[in-house]
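You will see chain A twice below: alongside chain B first, and alongside chain C after that.
Moving on to the complex of A and B:
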């Protein structure tokens, strides 16, 4: 049995993945509205950041809203106190995510499995409390903060088309980066750690260093997504760091097929479609999401992307 | 003393190395020396502590007492990956390769370790793992163990024997100074044993090697020195023929009956009273 695509055709398609991706999101914007598509895109960046740890390195975090929130508040506070330039805010978000990740990595990186998941959750809870209560003087507590961004030349984040274009450019950049990262020897190192961390040490690699790097990359990019959200919404509230919302990115990652760059994007879009449109038709839509997840876990372990590849993708050499 | 011996002394040495799990002593004060270029064997019944001894040497288990020296340097407290950097490489009794990766990807990290210029800095993070020189080095390493035709297979699809060869291929790709093989023939068919045996003989002499075996037969014509472990202790050591005549060794194997297969394989049972 051969796949729908042979491997050269698949490789050729892959060369054009970024334009194809951009086109699909333009179509999506046309189909559902440009603001919603911007939302989808930013969420996809978050899923990509999340899946670097989960899909590629096998670390399931229940507390990634902390890093998204770090970026969101960093962007908002930068806009408020430092500079109203949206690009400065975005850079601040990225750096804040990196710094927080670096500070927390000695605690998180040495753990695996449930411990890793729960430590991140606990830290997320602490972050939520800080934002809501302890640092309420700066964060605006429950009310949050409204921020205004200045124009940079003709560029205005308040313009929904320009904001869409910025978000799409960022997504394309992040997809490119993730693809390079995961196709590289570093990607092999992450997948080897996922499979058998102890064995990797006997190949001469410092696994703690590799895991720290992956963790910090993931927290930075999550925070970058948080910063983009603030550019898009022009306000920040504690919902950006709410532990209860971790489930969104976990679901998206599972739906798309963890461990694949395209899968993460597919999962992000699929989750957003479900959560944006299902409530229009079904009252307790979360229940259906739960059923969908059960189905995924028991029937389609590979997720949307994995199933597509299995169905239409190239096959490896047969026989022998 | 230790430093002065660098280069001239043993390439690998343990002094009173001891491994404890709770109250149980798995390796009990093992003192061992391996000379540069030597191929040595360790035998002993199941549970004697052979694998744990390798775990001590390679840093998987930290010693409760004693020390481990590599080329004269004390590595007792070094983490495993630092010992690999000093040239200490091992395989595992239960084959340990990366099943979820393509066969070729199993070699990538090893060939980069041996030659960092293949993918340094940004090239390691962002360069393709299948680019020219890197892929060639991986395929060459696979070729050495006769697996280059299966480079793009998923590792989980390999037979156990092929996985064993792959693991040895990974070990060789790391360019070891000291190679520790833990029961490299276990679980293989006769045909596969012959293949692995040929492989091991081909590299003999170009590096220092310790081979653990449960059965002696494969080792006898290969090793210059044989050590026998029993209940965590090295109870005898020397030329294979001499060791097998040693009264203590004979008591351990023939008295207990545990090592019967081992002795039968050599056809020396006639000596039994």
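Moving on to the complex of A and C:
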């Protein structure tokens, strides 16, 4: 089946990727209920943000819940204290993610491999502590915080269909952005950093700047996803910043196929399908997740998208 | 004051016993081993069960607990880590994390999720400068010092230790001498795991035993290893006791902040002293 799609056919298909994506999600909403589909979409945004660092730049973060949680709490607190307008909250989430990323980048960006993973993990733990204990007066500690959003004109985030439409529009926007980004010289630079950082430096590129930019982009988008989920749930709890949940996004990134925009979306949907429907049948959820992860890293490294491309795509297809 | 110092030293001692294995595993195999936390937890649980079986003989139960780490560590090394040698470190991180997930769930399955309390096995106090200190904690500190001395001797005086140290420096050069470096590294892995189990056993009477105790300590242990320098044995010793003190002093001022403070100190150290890995 290799070469089932030749490269012109693949290119033609890629031109219509955003409508295809939107249609697939509409079908998904029809199949599994619109609320769940909104959940799926928001998680996909998070996976996309995560995969910019892991898949494209080769930095495995074990503490990305920190940035998701930053956005979630920024959105909730903005709605509580500043303005009940959902779009203001969303903007606040995006900015908060960017600011936190910018502040932490001097610590994180110059490390690689194990250090990068562990430092993010440690910072995530600090963030969890801040939310749960130190700032509990504002964040509501373990109980969390319920928020209400006002209507903007006819738009109401409390309405399931409108929230779905907003989330889908955001996802399409983020996919478009990520595709532009990863196809650009900047994207090539990131992939080169993944391959061999010193060589890129020898070529005269400002590696630190590129890495900082990618890191801040990833944290901002993660926070954006966090803000979106607050719009969706109207409730924030410390589970949004829980260190233990990092494995979800890693799993999604791996199962979809790291280093590809479509792979990230596929992985997000795949993980959400598994986590939404399998626990009904699987008694030991963590154990199942562990074995599934082992299987992924031993036998299924290309992920869903990678396997699809290898099977049907043009012969020399690489990356997306 | 004295009790703060004593608490800091105890925590430092425990951290040292756990972290040294982590640091050695990283130095030799270039692998960040999340499964270390699993062995730590298992050590404590085996201790708990063996205390029931032996009728409260702590030393015997502890020996069984440490011995139980050997087959477990061997299996993890043989079936997960060895298959990931020389590949991207990310896979090793994810793989060992998966092992941790499986193991934690297995502990919940076998022993239940409720925390199990354990009493101080010695139960005596000694008066130091007007403050009553549990003898058990002093024993723990003494054990950590003994282990440090033992490891120094092992790595400096024995052939096996010297091979490992040389392998830390330059693996390929040692291998070209006709030495099977990898099997020595496996040995170090098992040794480090036994120490992790010992750490869990020693810390169990001070806190409670629960399935996530390892995950908790592992983060602190990572901080120690990062501050001390990956693969550096003396750095690990210094960092353990320094961070143990940080924890004790912060805990005195404001209890819940103790762990967060460790990570804050780690972040500062890493900004001042970047590490290339």
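Quick note on the criterion: the second predicted complex is superposed on the first by the 314 of 320 C-alpha atoms of A that agree within 3 Å, B and C clash if a C-alpha of one lies under 4 Å from a C-alpha of the other, contacts with A are read in each partner's own complex, and residues count from 1 in each chain.
Here, a residue touches a chain if its C-beta (ideal position, glycine included) is under 8 Å from a C-beta of that chain, and two chains touch if they have at least 3 such contacts.
Quantities reported herein were computed from a predicted structural model and do not represent experimental measurements.
Colleague: For the combined arrangement obtained by superposing on chain A, do chain B and chain C clash, or do they fit?
Modeller: Overlaying the two complexes on chain A (C-alpha atoms) leaves chain C and chain B fitting together cleanly.
Colleague: Can you tell me whether chain B or chain C touches more residues on chain A?
Modeller: Touching more of chain A: C.
Colleague: Could you tell me the angle at the CA centre of chain A between the CA centres of chain B and chain C, given to the nearest 10 degrees?
Modeller: For this superposition the angle at chain A equals 80 degrees.
Colleague: Tell me which partner A:186 touches in the superposition: chain B (first), chain C (second), both or neither.
Modeller: Touch status of A:186: first partner only.
Colleague: Scan A:123 for contacts with chain B and chain C and give back first, second, both or neither.
Modeller: In the superposition, A:123 contacts chain C only.
Colleague: With both complexes overlaid on chain A, does A:291 touch chain B (first), chain C (second), both or neither?
Modeller: The answer is second: A:291 touches chain C but not chain B.
Colleague: Is A:112 touching the first partner chain B, the second partner chain C, both, or neither of them?
Modeller: second
Colleague: Does the superposition put A:205 against chain B (first), chain C (second), both, or neither?
Modeller: It touches chain B, and chain C stays clear.
Colleague: When the two structures are overlaid on chain A, which partner does A:195 contact: first (chain B), second (chain C), both, or neither?
Modeller: The answer is first: A:195 touches chain B but not chain C.
Colleague: Looking at the overlay, does A:18 come into contact with chain B only (first), chain C only (second), both, or neither?
Modeller: It touches nothing on chain B or chain C.
Colleague: Which of the two partners, first being chain B and second being chain C, lies in contact with A:165: first, second, both, or neither?
Modeller: neither
Colleague: Just to confirm the value: shortest Cα separation between chain B and chain C in the superposed three-chain model, in whole Å.
Modeller: Checking C-alpha atoms only, chain B sits 13 Å from chain C at its nearest point.
Colleague: Do any residues of chain A touch both chain B and chain C, and if so, which are they?
Modeller: Chain A residues touching both partners: none found.
Colleague: Where on chain C does chain A make contact in their complex?
Modeller: Residues 26, 32, 80, 83-84, 88-91, 93-95, 97-106, 109, 215, 219, 222-223, 226, 230, 256-257, 259-260, 263-264, 266-267, 270-271, 274-275, 277 of chain C touch chain A in their complex.
Colleague: Okay, in this complex, where on chain A does chain C touch?
Modeller: 54, 58, 60, 62, 106-107, 110-115, 117-119, 121-123, 125-126, 129-130, 133-134, 243-244, 247, 250, 254, 284-287, 289-291, 293-294, 296-298, 301
Colleague: For chain A, which residues are in contact with chain B within the complex?
Modeller: That would be residues 177, 180-181, 183-189, 191-192, 194-196, 198-207, 316-317 of chain A.
Colleague: Help me check something: in the complex, which residues belonging to chain B touch chain A?
Modeller: Touching chain A from chain B are residues 58, 60, 79-81, 84-85, 89-90, 92, 96, 98-101, 105, 108-110, 112-113, 119, 123-130, 134, 152-154, 170, 174.
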